[in-house]
Amino acid sequence: MHKGTISINTSEKVELIDITTQINQAIAKAECTTGICFLYNPHTTSAVMINEGADPAVQDDIIAALERIVPTQIAYKHLEGNSPAHVMTSIIGNSETVFIEKGAVELGTWQRIFFCEFDGPRSRKLQWRFLKT
Amino acid sequence: MHKGTISINTSEKVELIDITTQINQAIAKAECTTGICFLYNPHTTSAVMINEGADPAVQDDIIAALERIVPTQIAYKHLEGNSPAHVMTSIIGNSETVFIEKGAVELGTWQRIFFCEFDGPRSRKLQWRFLKT
Amino acid sequence: MHKGTISINTSEKVELIDITTQINQAIAKAECTTGICFLYNPHTTSAVMINEGADPAVQDDIIAALERIVPTQIAYKHLEGNSPAHVMTSIIGNSETVFIEKGAVELGTWQRIFFCEFDGPRSRKLQWRFLKT
(Lines give C-alpha, C1' and ligand atoms only; values in the text may rest on other atoms or scores of the structure.)
Protein backbone atom coordinates (compact mmCIF):
# COMPACT_ATOMS: atom_id res chain seq x y z
CA MET A 1 0.00 0.00 0.00
CA HIS A 2 1.25 3.43 -0.94
CA LYS A 3 0.93 6.21 1.59
CA GLY A 4 1.67 9.90 1.85
CA THR A 5 0.53 13.38 2.76
CA ILE A 6 -0.59 16.43 0.83
CA SER A 7 0.20 19.88 2.25
CA ILE A 8 -2.37 22.66 1.95
CA ASN A 9 -1.94 26.27 3.00
CA THR A 10 -5.28 27.96 3.47
CA SER A 11 -5.72 31.74 3.26
CA GLU A 12 -9.29 32.37 4.44
CA LYS A 13 -11.28 31.70 7.61
CA VAL A 14 -13.66 29.42 5.67
CA GLU A 15 -12.60 28.15 2.28
CA LEU A 16 -12.99 25.18 -0.10
CA ILE A 17 -9.78 24.25 -1.96
CA ASP A 18 -9.82 21.93 -4.98
CA ILE A 19 -7.13 19.29 -4.33
CA THR A 20 -8.04 16.90 -7.17
CA THR A 21 -4.91 17.67 -9.20
CA GLN A 22 -2.63 17.15 -6.19
CA ILE A 23 -4.24 13.76 -5.50
CA ASN A 24 -3.92 12.67 -9.12
CA GLN A 25 -0.24 13.67 -9.08
CA ALA A 26 0.30 11.45 -6.03
CA ILE A 27 -1.51 8.57 -7.77
CA ALA A 28 0.69 9.00 -10.86
CA LYS A 29 3.84 9.10 -8.73
CA ALA A 30 2.75 5.91 -6.92
CA GLU A 31 2.15 4.29 -10.33
CA CYS A 32 -1.28 3.12 -9.17
CA THR A 33 -3.47 2.31 -12.18
CA THR A 34 -6.49 0.69 -10.54
CA GLY A 35 -7.50 0.65 -6.90
CA ILE A 36 -9.04 2.55 -4.05
CA CYS A 37 -7.97 5.97 -2.79
CA PHE A 38 -8.52 6.69 0.91
CA LEU A 39 -8.30 10.33 2.00
CA TYR A 40 -8.09 11.34 5.66
CA ASN A 41 -8.14 14.76 7.33
CA PRO A 42 -6.23 14.65 10.66
CA HIS A 43 -7.58 18.03 11.88
CA THR A 44 -10.69 18.85 13.95
CA THR A 45 -11.70 22.11 12.26
CA SER A 46 -11.32 21.12 8.61
CA ALA A 47 -12.83 18.40 6.43
CA VAL A 48 -12.77 16.73 3.02
CA MET A 49 -15.73 16.82 0.63
CA ILE A 50 -16.69 16.00 -2.95
CA ASN A 51 -19.01 18.33 -4.84
CA GLU A 52 -19.29 20.42 -8.02
CA GLY A 53 -16.14 22.13 -9.24
CA ALA A 54 -17.28 23.60 -12.55
CA ASP A 55 -19.07 26.67 -11.22
CA PRO A 56 -17.24 28.27 -8.25
CA ALA A 57 -20.60 29.75 -7.18
CA VAL A 58 -21.56 26.30 -5.86
CA GLN A 59 -18.63 26.43 -3.43
CA ASP A 60 -19.71 29.89 -2.25
CA ASP A 61 -23.27 28.62 -1.81
CA ILE A 62 -22.17 25.60 0.24
CA ILE A 63 -20.13 27.85 2.54
CA ALA A 64 -23.03 30.31 2.90
CA ALA A 65 -25.44 27.48 3.70
CA LEU A 66 -23.12 25.90 6.29
CA GLU A 67 -22.71 29.28 7.99
CA ARG A 68 -26.51 29.49 8.25
CA ILE A 69 -26.98 25.87 9.33
CA VAL A 70 -24.49 25.94 12.18
CA PRO A 71 -25.89 28.14 14.94
CA THR A 72 -23.74 31.06 16.10
CA GLN A 73 -26.11 32.54 18.69
CA ILE A 74 -25.95 29.67 21.21
CA ALA A 75 -23.65 29.81 24.25
CA TYR A 76 -20.77 27.55 23.17
CA LYS A 77 -18.63 26.30 26.07
CA HIS A 78 -15.32 25.74 24.24
CA LEU A 79 -13.30 28.85 25.04
CA GLU A 80 -11.20 28.82 21.88
CA GLY A 81 -14.20 30.31 20.07
CA ASN A 82 -14.11 27.97 17.09
CA SER A 83 -16.92 25.57 18.01
CA PRO A 84 -18.87 26.29 14.79
CA ALA A 85 -15.81 25.00 12.88
CA HIS A 86 -15.81 21.76 14.94
CA VAL A 87 -19.52 21.32 14.16
CA MET A 88 -18.96 21.85 10.42
CA THR A 89 -16.22 19.19 10.51
CA SER A 90 -18.65 16.72 12.09
CA ILE A 91 -21.30 17.48 9.45
CA ILE A 92 -19.00 17.23 6.40
CA GLY A 93 -16.71 14.46 7.68
CA ASN A 94 -13.02 13.63 7.83
CA SER A 95 -12.62 11.17 5.02
CA GLU A 96 -13.50 10.24 1.45
CA THR A 97 -13.10 6.92 -0.32
CA VAL A 98 -12.90 7.14 -4.12
CA PHE A 99 -12.02 4.66 -6.84
CA ILE A 100 -8.88 4.80 -9.00
CA GLU A 101 -9.15 3.94 -12.71
CA LYS A 102 -6.63 4.57 -15.48
CA GLY A 103 -4.20 6.13 -13.01
CA ALA A 104 -6.56 8.82 -11.67
CA VAL A 105 -9.51 9.22 -9.31
CA GLU A 106 -12.71 8.11 -11.01
CA LEU A 107 -14.99 11.09 -10.31
CA GLY A 108 -18.32 12.03 -11.86
CA THR A 109 -18.41 14.63 -14.64
CA TRP A 110 -18.91 17.61 -12.33
CA GLN A 111 -17.17 16.32 -9.23
CA ARG A 112 -13.99 17.63 -7.66
CA ILE A 113 -12.39 16.83 -4.31
CA PHE A 114 -12.23 19.75 -1.88
CA PHE A 115 -10.27 20.33 1.28
CA CYS A 116 -12.60 22.34 3.54
CA GLU A 117 -11.02 24.93 5.81
CA PHE A 118 -13.38 26.03 8.58
CA ASP A 119 -10.95 27.83 10.94
CA GLY A 120 -8.17 29.26 8.82
CA PRO A 121 -5.88 30.50 7.66
CA ARG A 122 -3.67 27.56 8.68
CA SER A 123 -1.11 25.07 7.35
CA ARG A 124 -2.95 21.78 6.90
CA LYS A 125 -2.20 18.22 5.85
CA LEU A 126 -4.33 15.55 4.20
CA GLN A 127 -3.23 11.91 4.50
CA TRP A 128 -3.79 9.47 1.64
CA ARG A 129 -3.39 5.77 1.01
CA PHE A 130 -3.82 3.95 -2.28
CA LEU A 131 -4.80 0.29 -2.32
CA LYS A 132 -3.85 -1.32 -5.64
CA THR A 133 -6.38 -3.91 -6.76
CA MET B 1 -11.62 -6.64 -7.17
CA HIS B 2 -15.08 -6.71 -8.65
CA LYS B 3 -16.57 -3.49 -9.95
CA GLY B 4 -19.78 -2.31 -11.53
CA THR B 5 -22.59 0.20 -11.62
CA ILE B 6 -26.22 0.23 -10.50
CA SER B 7 -28.73 2.28 -12.51
CA ILE B 8 -31.46 4.18 -10.69
CA ASN B 9 -34.29 6.15 -12.27
CA THR B 10 -35.75 8.64 -9.83
CA SER B 11 -39.26 10.03 -10.16
CA GLU B 12 -39.47 12.81 -7.58
CA LYS B 13 -37.61 16.06 -6.90
CA VAL B 14 -36.44 14.71 -3.52
CA GLU B 15 -36.66 11.00 -2.86
CA LEU B 16 -34.98 8.16 -0.95
CA ILE B 17 -34.80 4.87 -2.88
CA ASP B 18 -33.97 1.58 -1.15
CA ILE B 19 -31.20 -0.05 -3.24
CA THR B 20 -30.23 -2.83 -0.80
CA THR B 21 -31.68 -5.61 -2.96
CA GLN B 22 -29.86 -4.35 -6.07
CA ILE B 23 -26.58 -4.30 -4.18
CA ASN B 24 -27.06 -7.80 -2.80
CA GLN B 25 -27.84 -9.04 -6.32
CA ALA B 26 -24.53 -7.58 -7.52
CA ILE B 27 -22.70 -9.23 -4.60
CA ALA B 28 -24.31 -12.60 -5.44
CA LYS B 29 -23.38 -12.23 -9.13
CA ALA B 30 -19.79 -11.39 -8.18
CA GLU B 31 -19.75 -14.49 -5.95
CA CYS B 32 -18.33 -12.44 -3.09
CA THR B 33 -18.93 -14.23 0.22
CA THR B 34 -16.86 -12.12 2.63
CA GLY B 35 -15.35 -8.70 2.11
CA ILE B 36 -15.94 -4.98 1.96
CA CYS B 37 -18.48 -3.20 -0.23
CA PHE B 38 -17.61 0.33 -1.35
CA LEU B 39 -20.47 2.45 -2.77
CA TYR B 40 -19.83 5.70 -4.60
CA ASN B 41 -22.24 8.31 -5.95
CA PRO B 42 -20.69 10.15 -8.95
CA HIS B 43 -23.28 12.98 -8.96
CA THR B 44 -23.26 16.34 -7.17
CA THR B 45 -26.97 16.60 -6.30
CA SER B 46 -27.60 13.08 -4.98
CA ALA B 47 -26.08 10.99 -2.20
CA VAL B 48 -25.99 7.58 -0.55
CA MET B 49 -27.18 6.99 3.00
CA ILE B 50 -27.96 4.18 5.46
CA ASN B 51 -30.95 4.50 7.78
CA GLU B 52 -34.17 2.79 8.83
CA GLY B 53 -36.14 1.01 6.12
CA ALA B 54 -38.90 -0.69 8.15
CA ASP B 55 -41.19 2.32 8.57
CA PRO B 56 -41.33 4.50 5.42
CA ALA B 57 -42.33 7.42 7.67
CA VAL B 58 -38.68 7.68 8.74
CA GLN B 59 -37.70 8.41 5.14
CA ASP B 60 -40.38 11.10 4.91
CA ASP B 61 -39.16 12.60 8.19
CA ILE B 62 -35.53 12.69 7.04
CA ILE B 63 -36.55 14.48 3.84
CA ALA B 64 -38.73 16.95 5.75
CA ALA B 65 -35.90 17.66 8.20
CA LEU B 66 -33.30 18.18 5.44
CA GLU B 67 -35.64 20.61 3.69
CA ARG B 68 -35.85 22.58 6.95
CA ILE B 69 -32.13 22.38 7.70
CA VAL B 70 -30.91 23.64 4.33
CA PRO B 71 -31.81 27.32 4.03
CA THR B 72 -33.89 28.35 1.02
CA GLN B 73 -34.23 32.04 1.79
CA ILE B 74 -30.58 33.02 1.29
CA ALA B 75 -29.35 34.53 -1.99
CA TYR B 76 -27.65 31.55 -3.65
CA LYS B 77 -25.21 32.51 -6.44
CA HIS B 78 -25.36 29.33 -8.55
CA LEU B 79 -27.78 30.21 -11.35
CA GLU B 80 -29.01 26.66 -11.97
CA GLY B 81 -31.24 27.07 -8.90
CA ASN B 82 -30.34 23.73 -7.29
CA SER B 83 -27.88 24.89 -4.64
CA PRO B 84 -29.95 23.38 -1.79
CA ALA B 85 -29.48 19.99 -3.49
CA HIS B 86 -25.69 20.49 -3.61
CA VAL B 87 -25.73 21.36 0.10
CA MET B 88 -27.75 18.24 0.96
CA THR B 89 -25.20 16.13 -0.95
CA SER B 90 -22.39 17.62 1.14
CA ILE B 91 -24.28 16.92 4.37
CA ILE B 92 -25.24 13.31 3.58
CA GLY B 93 -22.12 12.32 1.63
CA ASN B 94 -21.16 10.51 -1.57
CA SER B 95 -20.09 7.13 -0.27
CA GLU B 96 -20.77 4.29 2.12
CA THR B 97 -18.48 1.45 3.17
CA VAL B 98 -20.26 -1.66 4.45
CA PHE B 99 -19.12 -5.17 5.27
CA ILE B 100 -20.03 -8.29 3.29
CA GLU B 101 -20.83 -11.52 5.17
CA LYS B 102 -22.48 -14.71 3.86
CA GLY B 103 -22.79 -13.20 0.40
CA ALA B 104 -24.74 -10.07 1.39
CA VAL B 105 -24.22 -6.68 3.02
CA GLU B 106 -24.02 -7.04 6.78
CA LEU B 107 -26.52 -4.37 7.90
CA GLY B 108 -28.13 -3.81 11.28
CA THR B 109 -31.65 -5.12 11.90
CA TRP B 110 -33.42 -1.93 10.78
CA GLN B 111 -30.88 -0.63 8.29
CA ARG B 112 -31.33 -0.30 4.55
CA ILE B 113 -29.13 1.44 1.98
CA PHE B 114 -30.77 4.40 0.25
CA PHE B 115 -29.91 6.33 -2.88
CA CYS B 116 -30.87 9.93 -2.11
CA GLU B 117 -32.21 12.03 -4.99
CA PHE B 118 -32.14 15.75 -4.20
CA ASP B 119 -32.68 17.25 -7.68
CA GLY B 120 -34.81 14.80 -9.66
CA PRO B 121 -36.30 13.25 -11.50
CA ARG B 122 -33.14 12.03 -13.25
CA SER B 123 -31.34 8.91 -14.46
CA ARG B 124 -28.61 8.18 -11.92
CA LYS B 125 -25.80 5.72 -11.42
CA LEU B 126 -24.14 4.34 -8.31
CA GLN B 127 -20.67 2.79 -8.60
CA TRP B 128 -19.66 -0.18 -6.46
CA ARG B 129 -16.54 -2.22 -5.79
CA PHE B 130 -16.28 -5.37 -3.71
CA LEU B 131 -13.01 -6.27 -2.04
CA LYS B 132 -12.91 -9.98 -1.21
CA THR B 133 -11.10 -10.69 2.04
CA MET C 1 -9.01 -9.73 7.48
CA HIS C 2 -9.66 -9.39 11.17
CA LYS C 3 -13.18 -8.64 12.31
CA GLY C 4 -15.02 -8.05 15.55
CA THR C 5 -17.43 -5.95 17.54
CA ILE C 6 -17.11 -3.41 20.33
CA SER C 7 -19.90 -3.20 22.92
CA ILE C 8 -20.97 0.20 24.23
CA ASN C 9 -23.52 0.88 26.96
CA THR C 10 -24.79 4.42 26.77
CA SER C 11 -26.30 6.22 29.75
CA GLU C 12 -27.75 9.42 28.33
CA LYS C 13 -30.35 10.32 25.70
CA VAL C 14 -27.68 12.08 23.60
CA GLU C 15 -24.04 11.38 24.34
CA LEU C 16 -20.60 11.17 22.69
CA ILE C 17 -18.43 8.34 23.99
CA ASP C 18 -14.68 8.19 23.29
CA ILE C 19 -13.99 4.66 21.98
CA THR C 20 -10.42 5.22 20.77
CA THR C 21 -8.84 3.10 23.51
CA GLN C 22 -11.22 0.19 22.83
CA ILE C 23 -10.37 0.28 19.12
CA ASN C 24 -6.63 0.37 19.79
CA GLN C 25 -7.00 -2.61 22.13
CA ALA C 26 -8.72 -4.56 19.33
CA ILE C 27 -5.93 -3.57 16.91
CA ALA C 28 -3.29 -4.75 19.40
CA LYS C 29 -5.13 -8.04 19.96
CA ALA C 30 -5.37 -8.58 16.17
CA GLU C 31 -1.62 -7.89 15.93
CA CYS C 32 -2.23 -5.45 13.10
CA THR C 33 0.73 -3.11 12.70
CA THR C 34 -0.09 -1.31 9.47
CA GLY C 35 -3.37 -1.18 7.58
CA ILE C 36 -6.82 0.30 7.36
CA CYS C 37 -9.44 0.29 10.12
CA PHE C 38 -13.09 0.25 9.01
CA LEU C 39 -15.69 1.13 11.67
CA TYR C 40 -19.40 0.52 11.14
CA ASN C 41 -22.42 1.43 13.26
CA PRO C 42 -25.29 -1.05 12.65
CA HIS C 43 -27.94 1.13 14.37
CA THR C 44 -30.25 3.80 12.93
CA THR C 45 -30.23 6.25 15.84
CA SER C 46 -26.52 6.34 16.63
CA ALA C 47 -23.41 7.20 14.62
CA VAL C 48 -19.61 7.27 14.63
CA MET C 49 -17.63 10.50 14.41
CA ILE C 50 -14.09 11.85 14.76
CA ASN C 51 -13.50 15.20 16.44
CA GLU C 52 -11.61 16.89 19.29
CA GLY C 53 -11.19 14.90 22.49
CA ALA C 54 -8.91 17.19 24.53
CA ASP C 55 -11.54 19.65 25.76
CA PRO C 56 -14.84 17.92 26.67
CA ALA C 57 -16.58 21.26 26.04
CA VAL C 58 -16.25 20.59 22.30
CA GLN C 59 -18.38 17.46 22.68
CA ASP C 60 -21.02 19.45 24.59
CA ASP C 61 -20.96 22.12 21.89
CA ILE C 62 -21.41 19.58 19.06
CA ILE C 63 -24.40 18.06 20.85
CA ALA C 64 -25.92 21.50 21.52
CA ALA C 65 -25.45 22.50 17.88
CA LEU C 66 -26.99 19.26 16.53
CA GLU C 67 -30.00 19.74 18.81
CA ARG C 68 -30.43 23.22 17.28
CA ILE C 69 -29.81 22.10 13.70
CA VAL C 70 -32.32 19.26 13.66
CA PRO C 71 -35.82 20.74 13.80
CA THR C 72 -38.08 19.58 16.64
CA GLN C 73 -41.13 21.68 15.85
CA ILE C 74 -42.09 19.99 12.57
CA ALA C 75 -44.79 17.30 12.44
CA TYR C 76 -42.73 14.12 12.21
CA LYS C 77 -44.69 11.09 10.93
CA HIS C 78 -42.68 8.28 12.57
CA LEU C 79 -44.74 7.38 15.65
CA GLU C 80 -41.81 6.15 17.74
CA GLY C 81 -40.98 9.81 18.44
CA ASN C 82 -37.24 9.53 17.72
CA SER C 83 -37.10 11.01 14.23
CA PRO C 84 -34.62 13.73 15.27
CA ALA C 85 -32.22 10.89 16.24
CA HIS C 86 -32.61 9.29 12.79
CA VAL C 87 -31.84 12.66 11.18
CA MET C 88 -28.72 13.14 13.32
CA THR C 89 -27.52 9.68 12.25
CA SER C 90 -27.90 10.66 8.60
CA ILE C 91 -25.99 13.90 9.16
CA ILE C 92 -23.07 12.38 11.12
CA GLY C 93 -22.87 9.04 9.30
CA ASN C 94 -22.53 5.35 10.09
CA SER C 95 -18.89 4.71 9.36
CA GLU C 96 -15.32 5.95 9.63
CA THR C 97 -12.23 4.75 7.78
CA VAL C 98 -8.93 5.47 9.54
CA PHE C 99 -5.36 4.37 8.95
CA ILE C 100 -3.40 2.03 11.21
CA GLU C 101 0.29 2.76 11.87
CA LYS C 102 2.58 1.29 14.55
CA GLY C 103 -0.26 -0.86 15.84
CA ALA C 104 -2.73 1.94 16.54
CA VAL C 105 -5.12 4.26 14.70
CA GLU C 106 -3.21 7.13 13.13
CA LEU C 107 -5.25 10.12 14.35
CA GLY C 108 -4.39 13.81 14.32
CA THR C 109 -3.08 15.42 17.51
CA TRP C 110 -6.49 16.46 18.85
CA GLN C 111 -8.64 13.75 17.28
CA ARG C 112 -10.52 10.99 19.09
CA ILE C 113 -13.10 8.54 17.77
CA PHE C 114 -16.57 8.92 19.28
CA PHE C 115 -19.59 6.67 19.32
CA CYS C 116 -22.57 9.03 19.10
CA GLU C 117 -25.72 8.03 20.98
CA PHE C 118 -28.77 9.98 19.81
CA ASP C 119 -31.60 7.92 21.36
CA GLY C 120 -30.27 6.36 24.54
CA PRO C 121 -29.69 4.97 26.94
CA ARG C 122 -29.19 1.69 25.06
CA SER C 123 -26.83 -1.24 24.61
CA ARG C 124 -25.01 -0.65 21.33
CA LYS C 125 -22.47 -2.38 19.14
CA LEU C 126 -19.85 -1.08 16.72
CA GLN C 127 -18.45 -3.43 14.08
CA TRP C 128 -14.82 -3.20 12.98
CA ARG C 129 -12.59 -4.77 10.38
CA PHE C 130 -8.86 -4.31 9.99
CA LEU C 131 -7.22 -4.74 6.61
CA LYS C 132 -3.50 -5.46 7.00
CA THR C 133 -1.41 -3.86 4.26
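Some observations on this one:
For reference, chains read A, B and C in written order, and residue numbers begin at 1 within each chain.
Definition applied: a residue touches a chain if its C-beta (ideal position, glycine included) is under 8 Å from a C-beta of that chain, and two chains touch if they have at least 3 such contacts.
Source: prediction; values computed, not measured.
Following the contact convention of this document, B is the list of chains adjacent to both subunit A and subunit C. Residues touching across the subunit B-subunit C interface largely differ between the two copies, under half of the numbers being common to both. We define each chain's centre as the mean of its Cα atoms; on that basis subunit B and subunit C are separated by 20 Å. Residues of subunit B found to touch two or more other chains are 69, 91, 93, 97, 131.
Looking at the complex, you find that subunit B touches subunit C at residues 34-36, 49-52, 55, 57-58, 60-62, 64-66, 68-69, 91-93, 96-99, 106-111, 131, 133. Subunit C contributes residues 1, 3, 38, 40-44, 69-71, 74, 76-80, 83-84, 86-87, 89-91, 93-95, 97, 127, 129, 131 to its touches with subunit B in the complex.
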